[in-house]
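Dropping the structures in below, format is structure tokens.
Two complexes, one shared chain (chain A), two partners (chain B, chain C).
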Partner chain A sequence: MRHRLASFPCLIFCLVLTTGCWDRVELSDRAFDLAASTDLMEDGSYLTGGQFIIPSRISGGAANGGQPYFIETGNGKSLLEAIQKTRQKLSRNITRSHRRNYYIGESMAKHGINELLDGFSRDPGNRIRLDIWVVKGGQGMDALKVHYPLEKIPSVAPVKIHRAIGGTTATSYLDFMMASSSEGSSPTLPVVDIVQGDSPQKTIRFYGRAIFNHDYKLVGYLNFVEGAYRQWMLQRISYLDLAEELPEAGGKVGVIVNQFGCKIKSRITGTNKVKMEIELTGSGYVAENNTKLNLISNKNLKLVQKEINKKTSEHVLAMITKVQKEYRADVLGFNQVMNRQHPGEWKRLKGQWDTVFPEIEVAVHVNLNLKYVGLVRQPLQYKESEIIK
Partner chain B sequence: MTAPISESLEENEELLRGTFRNCYDIVFRRIQGPKNFLLVYMDGLADAKALDNMLLQILGPANSSNSGELMEHGSSGEMLEQQLASFVKTTLAETMDDVVHGILSAQVIILSDYTNHAIIADLKGFEQRGIEEPSNEITIRGPREGFTENVNVNTSMVRRKIMSAKLKMESMTVGSLSKTTVVIAYLEGIAKESVVEEVRKRIRQIQIDTVLGGNFIEEFIEDHPFTLFPQVQNTERPDIVASYLAERKVAVLIDGSPFALIVPCTLWSAFQSADDYYERFIYATLIRWLRMVLIIGSLFLPSIYVAITTFHPELLPANFLLSITSAREGVPFPAVIEALLMEFLFEGLREAGIRMPRPTGSAISIVGALVIGQAAVEAGIVSAPMVIVVSITGIASLITPRYSMGVAFRMLRFPMLIFSGMFGLYGITMASLFLHIHLTNLESFGVPYLSPISPLSRQDLKDVLIRAPRWSMNTIPLSGSKRNKWRIPKGQRPGDQGDEIL
Partner chain C sequence: MKISGYQLFWLIFTMEFGMTAIFTLSATVFLAKQDTWISVLFATVIALAVTFVAVKLSLLYPEKTFIQSTQIILGKWLGKIILIPYFVMWYSVTGVILREFADFVYITLFSSTPLWTIILIMLGAVVYVNYSGGLRSIARSGEIIGPISAAGSVIIFFFSVKDWDWLRLLPVYSNSGMLPILEGGLTPASFLAESFMVVMLAAFMIKPQRLMVTSLLGVAVASMAVLGMSIIIIMVFGPDLPDKFIYPLYSIVSYISVMEFIQNVDVLIVLLWIIGIFVKLSLYMFITSYGTAQMFHIKKWKRTIWWIAPIVFAISLIPRNTNDTMDYAKNIWHNWIFPINLVGIPLLLWIVGAIRKKLKGDRRAAEH
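Let's look at the complex of A and B:
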């Protein structure tokens, strides 16, 4: 008994020694940054900024004055030095565990972001579910400074916008790393830009997708719709609205798509010649009908469906061609299709994929199924006689 | 004083007066006649009314000839005893020792001339509490009777629940001064013989002066004295005793205590309430789950709060964390100190609530609610989330239907808090590991404390994590043997019989 009583404190003492678990930091000794930015200055140094929370201003609303956050910056030859400069101004430990946004200025993105990524992957406090945003036509700091009226902490806004328009959030850092480490593919990042809204202050806007090359340098952008088509091909989208002009019916038809599917078939047609057949499927419903067609009749609905499928196929093909010829970076997952469907050939092709990719022959078939037209059967603004049954 | 009873009444009286000197409550009543009688009893313990009635019956005019004959003739006590037996329960005493014991246990002693026996007439009639609803174990649909301080009443209540000759009640006397009656109740052929024998042995070995409550016995017979977990269960309800007896357990009833002890006992009884069996089984199961979540929550909640906020804030969603951070802003203490302080205060309030005189109750609740709830938060000494955590914990720790089991969880909260304050979630994991090792080491009268979960016995699980329907609980728990396995016949599920009712 005496033995056991003595061994108990010993065990606990061992517990203390064998682990490094003395990282107790009170909440009041932590500074949470919910967003940060890095920019390349003209003299080649880095400027980092962080949007830090002021906890005492969180509750009680704006009544006690001022924003619930402040921005602190640091400037240095390397990232660590810049962060260290920031720390010199902060009374609390920087805690990055809740940082969901990281803004990169356009100049920084063009210069290449590999140094940044190394710092990210080494820091254990860094969150892996992180969205890195490229700020189109601006500096990361500009995005940090934007005051977004709907959210208390403005850095929450881009994530929520991204989710609200049907994208996949919180995976862009991970996706970037995966794309850059797999053979053949090129990484992408989501893009925001800062626009003058209707209100006097500037606001943040989800723009689309930024395409990087293998040296982690920005080569170009896909705009919102193009980015959405790409997400459709990768099946990472939950909501998309399409509006197409139907000249023969004399108006526009708008469709909301909420189920998505994609099948890619690849064929090798010759040495270093690849053909891709992309079938995008989806189902949706009619949300807008400015034509004189009564969509309750199956014939008219099929007509609209066919027309939308044709138009969308053209747009998707245009997007793919743009990626192939202009950016010459495989961000469409073609490398994975090849790897899965022709593993033997892929071994040979993957070394020269950068030259093969732009020459791939692509055919796109959009196969959208309009499931219902809603309870408003025919456009109410037209007279009964004008409606084409 | 093993002296034999003398034939001389005077001698006996003198001896008894000597034994009971300075006892104002002893009564000597001499009845003169052809043959002299001496009645000795304790005032207030014996039923004086019944005694007078008895005397009237024997000595009264209706029986005068008969009794006269008896008085003249009967030199032996047996005759009188036979006569008395029609009115009261009587026994014969041979020694002075028995006489003294009889007087002390509220009986009336009848001594007479020329006899070396004494008649002990059972005329107990002291004041006692009536049968009331037990205040600690309340049920909605169950019976409303609870044990009293009188062991005879208690055994009768159990006997009324189990009208079977298999129900054995062995009486023992414990306590050199108190001479308390302790009754071991079990069902012969159902209870584990080894457990019965062990209980018998352990109670026989007790050497104590007074037994004033169940715990006096419990502390002598439990297996592990230095643990926070009770290995003997106590209950105020005869229905609980009866149900446990049918589940092969042994009950110990103690005179003077309205609590019966039940052995063996496992941890899972902390989650079982009497009402589980009086409500329909789906509801009872859900309520049992609620109880489990809250009891285990009361053990871990403050520690998890401290660990997450001080070690692992990344585990919280951002908005939640921001609310907590803003509430903790300006609080002077580290979270673990704050938690300890509040838990300490809460326990203090609770203890005060139990012990205080009734009229001061409102004062305590006002001061408690105001000081802990409001003023401390407004003064910025304690953060509001901590108050919420402590009050949830407080409510959760009060939910346990077995008070003595709940005490263990209440106490363990504090070491858990210290571990979490030192090592975070890692510390909580380690502390739970230690707790598990400890619990698996415990056993109560040969039954592992965590059984039937560990060691696993699948049939018995029907009353642990869920409360299975009655017709499904058809095996005897704690069995382990093939013999006597079935408690009730299988296949009694309603609806199995077909559609006869149509």
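Let's look at the complex of A and C:
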């Protein structure tokens, strides 16, 4: 009995200790940060911005009026100082566990982003599963300010766009760190830009891929299709449409590819001379046929397939050459291929990979397999007599 | 206080798996890069050998604990002297594990809760389980907690499948080499070799003849689980990143996202690890207090808990920061305790004990 009495105070004490009172932060004391940005100002200071949810507006919908988010900024000589300035204006603690996007202005990217990177993985409040975007030709802040009509919270848009076009989302921070810590390779980040065009509102657009050098400085961009070819080589893509003008077939053909494969064979042809044979495979279907070919005949389908393969091979090769000669940064995973296929030679090559890489001889063979031609046999818009059987 | 073979298996598994998977792999990847899995295999072999020696040693006198059998083998005084390093080990490691656990919880979950409360809560649970039933309670909780914490590793396995890239495991061997692979294996080996503690548990086995199979199985299964985790780490983070993380496996777990739906599962996994560490700490607490009682011939061993708990609590507050606790694992445990306490002395005791028993048997045979 005495035992039982003694255990009561203990239990009550446990109740106080184990409920985590010290660390309790109510939902109403948290500001959820869904996207953030960092820009380099002209005076050399950093401007950080965050897009925060306004919880009371998120459920009410349009009835309450106004957007369910707001943007708050801070300016400082270092990143932490800028964030501190932001916190001075916030009535709640910043909670970053739902943050999925981080925008970096172009000037910041050119200046180098090494000071940004550490915090993303060191602070346990941050998530490694994060996409960092370079805003081409603009400031990160611009991307935060864009109002995107389809999504309640605009920062959801780039993630969804990225997924809809067949990319892999939320891995760009980790990929960046892996590429920069691996011998020979250079890191990349996905790119968005802010465009208006002829549409009534400004919107955010997935642009392609940004290439960084070993000092984490932006050296150039790959546009959307080039970026997609690169993703194909790395097998990080699930959807790609190719539209090619095919003179031999007499018109344009559009193909949608939805299965991808890539084989790279490397050979060492001399001292510091490497040859890469890249075979890109895939299968897909014809989505658009503006030629006069009746694709139900195997001969015509073969012709289209051959021409598409030839054209695409040329484009991929052009992309690789651009990366080699213009940016001189290995973002194609060639270093990994060498390491895997010639581990002995790689030990010698890796120190001078930056000079070896631009001189690599590359051959590209695209090997697409068109499995379906869609729902029509021959283009409906042409007369029977015009069709080439 | 008797335990069954099944309970012993889960005790060994729970004790080995969680800590090894969280705390040792960063150091291994630093040396062995993508060949970490070979290092872990090597560590498994060492751990199995240590366990084999420990079981052989305890089977010399299956009724006696390590404290008693050492004094039988080496004589009263020499036996007591050689036990001193073990008491240093048991007291210090209980405190340090307590601190490592608290640091981990502090960093990952509770950053404004004072450290001593986290330590005190765990210590309270450990003291309670020891005081209420001793080894029997620990074994029973191990029986429940073991499978649950094993389920945690299965969850990590399945949830991370889509982030795997097999190519990251290549090339085998050429990026590291023999020496780094073997050296990298020593850190997990020093943790897995904790199965040596079976020398204190053997006397409580219902069927001592099952001791060998159960202990080796426990070590092997725990090692395979660690092996699986090390392969996942390399396949998700590549060979160059994991050594930059303090707890790479935790970072993997926080990276998990299945269908954009199952995310932030780290809290769940941390919980599973915490209950695993609870079993380990309780076991060490039991061994320390029971050992102390036997050493000083204290009749009621449970009484020793009341002054061992404050000592352990004080030890856990000694390290100034996480670097100090890491230093303990890296320097004291890895360089001194592992070779001397877990490998050297047991081997010596086994050889001496086996010879003495043989001689005794021969003498008896000669007398008849």
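Some observations on this one:
Basically, the second predicted complex is superposed on the first by the 364 of 389 C-alpha atoms of A that agree within 3 Å, B and C clash if a C-alpha of one lies under 4 Å from a C-alpha of the other, contacts with A are read in each partner's own complex, and residues count from 1 in each chain.
Please note the rule applied: contacts are C-beta pairs under 8 Å (C-beta built on N, C-alpha and C of every residue); 3 or more make two chains touch, one makes a residue touch a chain.
Keep in mind that this is a model prediction, so the values were computed, not measured.
Once the two complexes are laid over each other on the shared chain, residue contacts for A:Ser97 go to chain B and to chain C alike. Shared-chain residue A:Pro247: touches no atom of chain B or chain C.
In the superposed pair of complexes, A:Pro343 makes contact with chain C only, with no contact to chain B. Once the two complexes are laid over each other on the shared chain, residue contacts for A:Gly270 go to neither chain B nor chain C. After overlaying the two complexes on the shared chain, residue contacts for A:Pro200 are found with neither chain B nor chain C. Of the two partner chains, both chain B and chain C are touched by A:Arg127. Judged by the touch definition given at the top, the superposed model places A:Phe32 against chain B, while chain C stays out of reach.
By the touch criterion stated above, A:Ser181 is placed in contact with chain C alone, chain B being left untouched.
23, 97, 127 are the residues of chain A that lie in the contact sets of both chain B and chain C, per the superposition on chain A.
On the chain A side of its complex with chain C, the touching residues are 10, 14, 17-18, 20, 22-23, 97, 121, 124, 127-129, 170, 174, 177-178, 181-182, 336, 339-340, 343-344, 346-347. Contacts from chain C toward chain A in the complex involve residues 107-114, 117, 120-121, 124, 167, 170-171, 174-175, 237-241, 244-245, 251, 254-255, 257, 263-264. Residues 309-311, 313-314, 318, 321-331, 334-335, 421-424, 426-427, 430 of chain B touch chain A in their complex. Interface of chain A with chain B (complex): residues 15-16, 19, 21, 23-28, 30, 32, 34, 53, 55-59, 95, 97-98, 100, 125, 127, 153, 156.
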